[in-house]
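Shared between the two complexes below is chain A, which pairs with chain B and chain C, respectively.
Moving on, here comes the complex of A and B:
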């Protein structure tokens, strides 16, 4: 069975907590979602929303972010829709996490963390807004949970 | 997010609780910069009571590591939250700064 949920908030940093709490509340209904899975989804959503708030709506009137969450037995999917500036994910530099501190830029981790935290990321510019689709597989996590249990 | 500053013999401990995201991280940056400016260059950031930290928190910590070291000190972390551990590891923070499993271990690392 698939469940779908939606939250819409103003695209300012004060909304970040609402988006994270929404994810937490909906995931709490799914007994097999563990803390690590939840943190990964919250992190990906937080980073994506922060990018929209600080870059997507830069120089524009404050807009909104629509978060659609879909949970089915196989995967969790978050679709974030905004109406600001779009961006090209493949043009975003990946930070060098092995560089010594002297050579490190402080920022630039947002998209990198998103890609590390979910199994798939898709970005589309549509007539209905910019859509970032984040997918994380539940089956994989269930398998890992079962392996953990069998080890103990 | 809340912060509490405690001064030990050889280090200053900044105990952080709540969430460190793009909204709250600048507040943490200010607290850490103030300590370094006041000469408290050996810093311990205790993240044990932090429930969530994003890349904005990481950026703040990296900046404070650079700041403290440029003044002859160091910044070390105490953390037990697996989610935050993952953020620190993903970014390679472990190769830059020392991360301890408790505040006491971090304090001891600055010498007694």
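Moving on, here comes the complex of A and C:
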């Protein structure tokens, strides 16, 4: 069975904690979600929202970020909707994390962290807002959990 | 549509403006949105049939107006449609007498530049309630609901009568029903959202309760709420400096709205403009910038 939850907050940094707590509260109802899974989702949402706040609503009177959380037996999906400038993720360079530290560019790690934390990311510009859709598979985690148990 | 709103080079599918809707167009992908202009280019009877869906029938029957013929029991027209060919706007008004000041319903929708929909105007007045002339100066000049000029005497009377700024009469209390009707109508056209600019703080609060989110101004609404708390910059401005700046106004939506209408946002170096809201069809954003508010 799929459960859906929604929270809307202003696009400013004080809202990040509300989003984190909201995700934590909803995930607490799902026994199969462990702390690592939760941390990954919170990190991805943190980074995505920070991007919206600093780039999406740059030079604008900030509007809303709508967070839709959908949990079904196979996956958890977060859809973040905003009404600021859109962006094209495929045009955003991924930082070279293997480069020597003195050669690495400052910043630009937001999208990298998101991609590291979730299994799929989609981005759409629609009539009802810019939508970033982050998906993390629960089945994969369940399989890993079962493997962990079998080893102990 | 949206200032500063940049879209990807290939936005979602939108219908090219083909003039009017043809049967062949109707037979195509039912998810493609139609524009108001396309509807307006239809024959008059077809337009009336479609735009009938913008007014809740129970609202008309409450005033003894036939919801199909748009006439009263004396067969006088009481609902008026302005939907000119080649125009991207539609205005529907309804009144319960021949006097245009007895208008109890007015709704204007318009296309915007991204094939989205703007709600330009919505009026839901109780025609039986006392009218306050906040919309014109004492010498008869329009005030644009107090945004261009102000009729301070009428505004003070309206304030004490419990109205919000911009209101000439008490509301009808039917906004939930009307917004549900707009959602239904726009989903029929294939739209996923529509946009508006709230005239006042009070109307923004009402739109929040009807499910709107903010395109612009959510943080400002949060800031306003914060600064109306005891010790806040707006709270301190409620110093009896004008009839619209009493300390107790901090605790109500209408009180805050009148103080903001009176220019109190100068304390934050901002003005009540560029606030823009969006309603996703069939969805409630759940925004509440003034928690547990008293209206």
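Just so we're on the same page, the second predicted complex is superposed on the first by the 152 of 152 C-alpha atoms of A that agree within 3 Å, B and C clash if a C-alpha of one lies under 4 Å from a C-alpha of the other, contacts with A are read in each partner's own complex, and residues count from 1 in each chain.
By our rule, a residue touches a chain if its C-beta (ideal position, glycine included) is under 8 Å from a C-beta of that chain, and two chains touch if they have at least 3 such contacts.
Computed from a predicted structure; not experimentally measured.
> Quick check on the superposition: with chain A as the shared anchor, is it clash or fit for chain B versus chain C?
Fit - chain B and chain C, as placed by superposing on chain A, sit side by side.
> Just chain B (first), just chain C (second), both, or neither: which does A:11 touch?
So A:11 only meets chain C here.
> Which partner does A:64 contact after superposing on A: first (chain B), second (chain C), both, neither?
second
> With both complexes overlaid on chain A, does A:54 touch chain B (first), chain C (second), both or neither?
Once the two structures are laid over each other on A, A:54 reaches chain B alone.
> Let me test your reading of the model: by the given contact rule, A:110 touches which partner, first (chain B), second (chain C), both or neither?
In the superposed model, A:110 contacts chain B only, not chain C.
> Looking at the overlay, does A:122 come into contact with chain B only (first), chain C only (second), both, or neither?
Neither partner.
> Between chain B (first) and chain C (second), which does A:35 come into contact with in this model arrangement: first, second, both, or neither?
So A:35 only meets chain B here.
> In the overlay, answer first, second, both or neither for which of chain B and chain C A:46 touches.
A:46 contacts chain B only, not chain C.
> With the two complexes superposed on chain A, say which partner A:85 touches: chain B (first), chain C (second), both, or neither.
Second partner only.
> Compute the least Cα distance separating chain B from chain C in the superposition and give it as a whole number of Å.
15
> Which parts of chain A are touched by chain B and by chain C alike?
In chain A, no position sits in both the chain B and chain C interfaces.
> Under the stated contact criterion, what part of chain C meets chain A in this complex?
2, 4-8, 11-12, 33, 114-116, 191-193, 213-222, 274-276, 278, 280-281, 285-287, 289
> If we count contacts the way the header does, which residues on chain A are in touch with chain C in the complex?
Where chain A meets chain C, its residues are 6-12, 59-64, 66, 83-86, 88, 124-129.
> Can you check the complex and tell me which residues of chain B touch chain A?
Per the touch definition, chain B meets chain A at residues 19, 21-23, 52, 54-56, 58-59, 62-63, 65-66, 69, 82-83, 86-87, 90-92, 95-96.
> Please output the residues of chain A touching chain B within their complex, sorted ascending.
Contact set of chain A toward chain B: 13-14, 16-17, 20, 35-36, 39-40, 42-43, 46-47, 50, 53-54, 95, 97-101, 104, 106-107, 109-110, 112-113, 116.
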